[in-house]
Amino acid sequence: MELHDLQLIARRERERRRRIRIHCCTSSGCLASQGLEIQKRLEAAVAEAGLEGEVEVVGVGCIGSCGQGPMVEIAPEGTLYEYVRPEDAEAIVAAINGGECSVQRGDPLRPFFTRQFPIVRKNAGKIDPERIEEYIAAGGYRSLYRAINEMSPAEVIDEITQSGLRGRGGAGYPTGLKWSTVAKSRGDRKYVVCNGDEGDPGAFMDRSVLESDPHLVLEGMCIAAYAVGADQGYIYVRGEYPFAIQRLQKAINQAKKFGLLGSQIFDSTFDFRVDIRVGAGAFVCGEETALLASIEGRRGQPRPRPPYPAESGLWGKPTLINNVETFANIAAIIEHGPDWYASIGTESSRGTKVFALTGKIHNTGLIEVPMGITLREIVHQLGGGGHSGSEVKAVQTGGPSGGCIPASLFDTPVDYESLARVGSIMGSGGMVVMDNSTNMVELAKFYMEFCKDESCGKCVPCRVGTVQIHHLLDKLTSGKGSPADLDQLRELCQLLRDTSLCGLGQSAPNPVMSTLKYFTEEYERLIER
Amino acid sequence: MAAKTLLINGTMVSAREDETILEAARDAGVKIPTLCHLDGLSDVGACRLCLVEVGGRLRPACTTTVSEGMDIRTHTDALKAYRRQIIELLFAERGHVCAVCVASGHCELQDMAVALGMDHVRYEYLAPTCTVDISHERFGLDHNRCILCSRCVRACDEVEGVHTWDVAGRGTSARVITDMNQPWGESETCTACGKCLLACPTGALFKRGATVAEMEHSPARIAMIVESRRVRG
Amino acid sequence: MATPHPTRDAAAAAGDTRLKILEATMKRNQYRPDALIEVLHKAQEIYGFLSPDLLVRIARSLHLPPSRVYGVATFYHFFSLVPQGAHTCTICLGTACYVRGASELIARAEDVAGIAAGHTTPDGKLSLASVRCIGACGIAPAVVIDGNVTGHMTSDDVAAQVAALLSAPELLGS
């Protein structure tokens, strides 16, 4: 494989294409609502109408507005159909030539779409994720070519550092710094690991990226491996995402066949293999040291850091761990340059962030927005406000490790520091909207129940503390709580935050502490009763 | 081997560069409480009792190596309060009844409670159903008294080299197990060497026939075995 | 799921094929101890659950202590050490589903099936479970029936589905 081969594949792919493409969402959400059947019926309808020379039906990744799914888009003109049923196929095809079609249309010019800034999701909903040719035609693997042939590993790391990209798994550690540490660590072998153990309930960004554009993640990993000097990679994906795993495996096989993974990539001396590791239902494995233990076939229990995985990771070797979305940003940074990337977002948080907007909100779905956008813009403009017109009360970011932000603070810009300042975290991108019907103490209990079930049991504060906190919340919600219980709740929250071994335990109190802070009256009302 | 100079509770001390804070403090005569650490075994940083303040942040003394100029506080009021809370949580977790325990008077958990001034438990007793396994001809296991420190697991794996023990389940339902969670007496791998008993800090692992307060553990023997093995090469 | 009255030969043959698949998986992983979770996934996929005999066999093949294998198998919620029902109904309890009323779905399913989530009906027909987010938040609340995800469920939908599974005829074959 050489650059001109890549260009040839892209050209052939473009020539092969029909003038009109019917994009049919086949990502998990729409798939669950007969997405594949719709695709089949559309194909049949196109054949029936004799339009095969002009129109093609393409199964694409997530279009974004999952709540209105199944979605179908007519490209390039942009007509969007929502809540499509298999029996709508004929009408949709007929409408291409001016026929009548009563299927509900979406407005591609509504803020949900126009306020987005797609980098990670630039191909999502536009290409068939199961065909590497489509990715290549969209410019894919050119950044990898450039990195290997025109840049030294140090130059790649410099560009990532200058771009200001920070870890999208939630903690926001500078990506370039991490890469440089792994590059400098001594080891006869190094590893690159992609954390796709998206465990936060209410989050599905990584699933969607893996299902919609798996090659984007592979290309990012490959560039990272070249930069840090690794020859083996692992993608750790939740077992709950069978479809993402299937697509990823297909993508890996295709990339290997095309000489873009494996030995002598782009006919260079650079080798990189990638294997999938499937999680088995343990939230704590999203914590990097637990994830490594799990890849090694052990119980997913975290260990104290330092040493950090960058120095001593998989089998004691230097290991780079980044999240799916972080890797998905890499190709674009190499393609457009670090200055372009750094010009998006805010001073401390560059670039974009993908969020899964769910809960009591009008527009459920996936969005990619520039950092610095306010919560109000996300909830009210992109999200269209509360579900069936209800009043939005709070938004929860960061899952069980994050906090609830009340509507009064919706002018908070979305960046790592601002969200931390209001007692939450950026997290991996789950954004669950609550309206007035949500009981915040019950919600805190819901999260604590999650944490107690997911505590690995290694360290005492998390193992027993989560159970005790859950017990206190249960006492409160059943009307048996006392003011002393509130004090004890606060005391235990502080203990967990300060003394737990890993991030799961340290952040487990966040949903309780943030609701205690912003919705104190809901707690107090339970005591007075 | 280079030496490092650091401050422990305001006093300058020197330490070998590969020493942990726990070791350096002990050399300096400062005792930091621990339950999951045992000389001779690897460290896991699980009980969180040995947390100390290093430059304003909390670090486990057992797994943190010293560095030049470290400013360590080992017994601040906050740390003492946290330690008491952790012991309370442990007492609330299972059925720890000292009055009927074989290890009473020789129990590290009990000693810790006394040393930290923990005279009552403010948390809800979780009172789980715990079994007692006396299927082994010489030894017994009482899950009521187990604090999941994993010292038995490590002693069996690292010193005896067998790995009969491991931990099954997770969270508060985690239990130490032998082989396939079968009765200890039916374990095919156990060599009945008794090192797990030496390592156990409480009355969870005991010699059969021992009555209240009769069971003395000898955790120091684990260190002796490991040290003499090291010296012999 | 096994046939109601399998002949001894058929059972032995089925056992043999499954064992061959398992052996092939371990061989492909070069019997490396770190392949344990991959192997457990495969074993659960072909046997439906992880019996003690199976775990011992895996431990021996991968040169791992039995307690290590048992410890891993019980750490991860995906693995089951007891047989599962012929059908499974899994209700997502992720936050988005929770906020949109998933707890009512669970209560209703439990009511119709007469068992609590996490259990299997005495006739072995149905296992009822809850899961922490399947990432289908866009179509919350979501339910997975025999591996197929359905979204926007109401408690009446769930009740009807569970009732249908319970009255479904016996499955034949393995």
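The letters A, B and C name the chains in turn, as written, and every chain counts its residues from 1.
To be clear about the criterion, a contact is a pair of C-beta atoms (placed from the backbone, for glycine too) under 8 Å apart; a residue touches a chain by one contact, two chains touch by 3 or more.
Every value quoted in this text rests on a predicted model; they were computed, and no experiment measured them.
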Innermost chain, taking as reference the mean of every protein Cα atom displayed: A
Pair of chains with maximal C-beta contact number: A-C
CA centroid of subunit A to CA centroid of subunit B, Å: 40
Centroid spacing, where centroids are CA-atom means, of subunit A and subunit C in whole angstrom: 26
Separation of subunit B from subunit C, taking each centre as the mean of its C-alpha atoms, in whole Å: 37
Sites on subunit C at which at least two other chains make contact: 68, 71, 75
Sequence positions of subunit A contacting 2 or more other chains: 282, 299, 453-454, 456
Residue list for subunit B, restricted to those that touch at least two other chains: 167, 169-170
Partner subunit C, residues of subunit B touching it in the complex: 157, 162-170, 177-181, 188-189
Footprint of subunit A on subunit C - complex, ascending: 32-38, 40-41, 68, 71-72, 75-79, 93-100, 131-140, 142, 147-152
Complex interface listing, subunit C residues touching subunit B: 52, 55-56, 65-71, 74-75
Contact set on subunit A toward subunit C in their complex: 28-29, 31-33, 66-67, 69, 198-204, 207-208, 238-242, 277-283, 294-301, 356, 358-360, 364-366, 396, 399, 430, 432-434, 438, 443, 446-447, 450, 453-454, 456
Of subunit A, residues touching subunit B in the complex: 282, 299, 303-304, 306, 452-461, 463-468, 471, 488, 491-492, 495, 498-501
